[in-house]
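Lettered A, B and C in written order, each chain numbered from 1.
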Amino acid sequence: MTTTQDTTTPSDKTSGVTYTPEDGLLLEVEDLYVEFHTPDGIATAINGVSFDLHQGESLAILGESGSGKSVTAQAIMGILDMPPAVIPGGHIRYCGQDLLSMPEDQRRRTRGPEVSMIFQDALSSLNPVFPVGWQIAEMFRMHRGVNKSDALEQAIRLMERVQIPAARDRVKAYPHQFSGGMRQRIMIAMAIALDPAVLIADEPTTALDVTVQAQIMALLDELQQERQMGLILITHDLGVVADVADRIAVMYAGRFVEKADVVELYSAPAHPYTRGLLESIPRLDQKGQTLAAIGGLPPNLMRIPPGCPFNPRCRRAEDVCRRDRPELREVVPGRFAACHFAEEVINA
Amino acid sequence: MTDAAVAEVTVAEPREGGVREEERSLASDAWRALRGNPVFWVSAVLIAVFTLMAIWPSLFTNTDPREAILAESRSRPGDGTWFGRDIQGYDIYARCIYGARASILVGVMTTAMAVAIGGGIGMISGYLGGAWDATFSRIGDIFFSIPLLLGAIIFLSSLPEFFNDNYFLVIMKVVLALAFLGWPSLARLMRSSVIQVKPNDYVQAARALGASPSRIIRSHILPNSLAPLIVVATISLGGYIAVEATLSFLGIGLQPPAISWGIDISAAIVGLRTTPHMLFFPSLFLSLAVLGFILMGDAVRDALDPKTR
Amino acid sequence: MGTYVIRRLLQMIPVILGATFLIFTMVFALPGDPLAGKCGERPCPPAYAAAFREKYNLNDPLPIQYGKYVGNLAQGDFGETTNGIKVIDQLKARYPITAQLALMALAFEAIIGITVGVFTGIRRGGFLDNLVLISTLVVISIPVFVVGGLSQYFLGVRLGLFPVTVTSANPTFYQLMLPAMVLGSISLAYISRLTRTSLVENLRSDYVRTATAKGLRRRRAVGLHALRNSLIPVVTFIGFDFGFLLGGAIVTEAIFNIPGVGGYLFRSIRARDGASVVGTVTVLVIVFLFVNLLVDLLYGLLDPRISHD
């Protein structure tokens, strides 16, 4: 880990700080807590989440809406609205440097060149009144001090890289003049413009048609291989992540309930919630059978039930589940689950 | 941005609360938001007090507002009266109380008439579209291009003088002038909300099921497009009160011996240097009345619009 | 774009005709007698009345009267006032003064209103925000003639900061400053509230979150990305307000004795000087419509999602 602090004039043009990952370790999230202080009370959106991300690795964070997966992404990015959000505990280290204790201006300069993000709804996430090329070029102009025409030229190259047809002609077009898939490509171009080490994709394909979904995922996969980025893929859709992700973390009520290699998790889930999610995917070989759905609803984050947060919805919940909160523990080597009966679940 | 996250976080709440909370409708949600808003209560009290003043002024004062005690002309507040006396020796407090009637009458009746005309025409334009829409929209454009105050002055100046003897006829004159010129903005608003509601699936479904146009309008379109109209109408009610006072101030609307805040302000503005209280009290009453309706409109809009909550 | 402008210009013609017809009807056809008060308290001598009626075509049916009037108007002939002065000369002398007043008011309300709106929008909920919210409400609810009278007295007479009234036929910038501030005061309040609301809404938007995620400085994310979008409704309001200001000038010009078109119009209405009234209002409507067209074109430039093809 080498960090050189340029004490003279850290301007945007030369960001002044260089970040080098040690042993390929890009991101360490350690025991992170995020709360929302609302007039109705305190909602604990993230409740002690930890994970690592290495170069060239892709981690999928899977969960229902309200599970805290987007909040995790926004906390890493540093784009939570504080208040109402409060981070009462935890660390987010990027290349060994704690982002949470970093001066805001230094942290701001990591957004884009180091850590970058793409959002679910590209139409609302792109500014409607500026041309797309201008919006991509803004990255080069603001972070690298590139002049307008050179920045636009680089924007065109990026648009070509993300396979936007006739990029040169369309660089001056506005977001509403593109299709949903093309808009998401523009978001991706903008996010990878400065060659970030970490890319966070928050439900990147949810708003898109199925065929376009596959194309976007393939593009993300390709870019990740090419640039050896660490990719965090936030999704509620198990189907989307299978081909791209290396590891999966399943989130429930602000906690990781299972962490595993993608193939292992699919073949033998170690948590009843993950099992339920897998069973709720329609499969051709089970045509005609009733689809298994997880009964009940996720808990209110202001009143998370005692014991295992999943116990009210869990088919195999016993007294111990209502009493003791299971910690995330290594069930078999390389596999973590937060369930008192993980061994039984995994072997079921 | 992270409000989305908050929404995501809190959305789980009502579900857990059970059936009762799940059945919360937009109207009851709005009422809940309204109840918790102090602005709503302030404006409701203001409106209630002024309405009561308009209906039953003797509840607030036993003094005759036309009783001129010239000997005490221009006396200051506290010298035997609460608000002092004006040039004519009238009790300003009593004048302020009795002045509410003209303002409230003009405001309420103009709004009712403008809503009826504007709402109706907007509904027809929006629902039928085509030639109806084009015709009404152009007619609306014509009225819209004449500033309200200016049009009202011309309109009122043109009406024959013999109306001016009867209090209610003069009021009706003002109401007619303001409603005649004020409906197009409400019609535009109604038209656009009807156009927004019309393509919704539930309207199309009702249509496919063979519901009559009047039934579709009554039970589907009207309830869903009325909210913006009510909000803007409430706010413009305050505006109409201000215009009425302006007209009286210019000597065009109500004329003495009718009692109106505008008339009293007009009479008081000359004596501003020596007797500021003569201007202050009618202005205060007028502003509070206008404020009451504007605040009410604001509060209702905030309650109906979940975004600002 | 070109065809859009042409279409809009063509659409203006019926609106102008309709508006002038409406005014013409109100001035000439309603039961009021255009000769009333022309000759003092007595009725006019029959010979004068006959000549007067002949000159203004008052013996023709209304549509023919109007037709003749429009025919003359199309040739640039605005007719003569009842005192025999050419209306066009009056308009030429007075419109520039009112236009200057309105433009000054517009500049005042736009610059201060947007600045205040931006500052309160960024620091939402702070002391300044609440202060501005309350004071704008106060300004909105106090009618302009009270604001005018008060500011004339306090800023003009008491403190001597501004000239109390306009004394020359060609008022200076300095003389028009206070009247312009009074005229723009209500709109100033609306603009600052609108800017604030719009900015607050846009600050929550996804694309401002994107701007933050792009690592832009807050100043750029707010001052460029959010503000650019927030100003779209504000610009529309300001354009629309120009017409309102021309109408509102009636009151302001009366208070400050400005020899503009407002005072002229008011006196002409009172004197039932039909040709003056119709001529003045015609110009006013045309100006209003052109400004509206300009605003719509500007809107298309500001918001690329609006297409004028």
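Please note the rule applied: a contact is a pair of C-beta atoms (placed from the backbone, for glycine too) under 8 Å apart; a residue touches a chain by one contact, two chains touch by 3 or more.
Quick caveat: nothing in here was measured; it's all calculated off a predicted structure.
S.K.: From chain C, which chain is the farthest off, judged by mean CA positions?
M.R.: A
S.K.: Could you tell me which two chains share the largest number of C-beta contact pairs?
M.R.: Top-ranked chain pair by contacting C-beta pairs: B-C.
S.K.: Suppose each chain is reduced to the average of its Cα coordinates; what separation in Å results between chain B and chain C?
M.R.: 22
S.K.: Report the inter-chain centroid distance for chain A and chain C in whole angstrom, where each centroid is the mean of the CA atoms.
M.R.: Between these chains, centre-to-centre, one finds 53 Å.
S.K.: Which positions in chain B are in touch with at least two other chains?
M.R.: Those would be 1-3.
S.K.: Note the residues in chain C that touch 2 or more other chains, in rising order.
M.R.: If we look for residues of chain C contacting two or more partner chains, we find 205-206, 209, 212.
S.K.: Give the residues of chain A touching no fewer than two other chains, as numbers and ranges.
M.R.: Answer for chain A, listing residues that touch two or more other chains: 79.
S.K.: Looking at the complex, which residues from chain A come into contact with chain C?
M.R.: 77, 79, 108-113, 116-117, 119, 121, 124-130, 138-139, 142-143, 174, 176, 187, 190
S.K.: Using the touch definition up top, name the residues of chain C that touch chain B in the complex.
M.R.: Within the complex, chain C contacts chain B at residues 11, 14-16, 18-19, 22-23, 26-27, 30-32, 36, 137-138, 140-146, 149-150, 153, 157, 201, 204-206, 208-209, 212, 243-244, 246-248, 250-251, 254, 265-266, 269-270, 272, 277, 281, 284-285, 288-289.
S.K.: Given the complex with chain C, which residues does chain B contribute to the contact?
M.R.: 1-3, 138-139, 141-143, 145-151, 153-155, 157-161, 238, 242, 245-246, 249-250, 265-266, 269, 272-273, 279, 283, 286-288, 290-291, 294-295, 307
S.K.: Of all residues in chain C, which touch chain A in the complex?
M.R.: My answer: residues 205-207, 209-217, 220, 225, 228-229, 232, 302-305.
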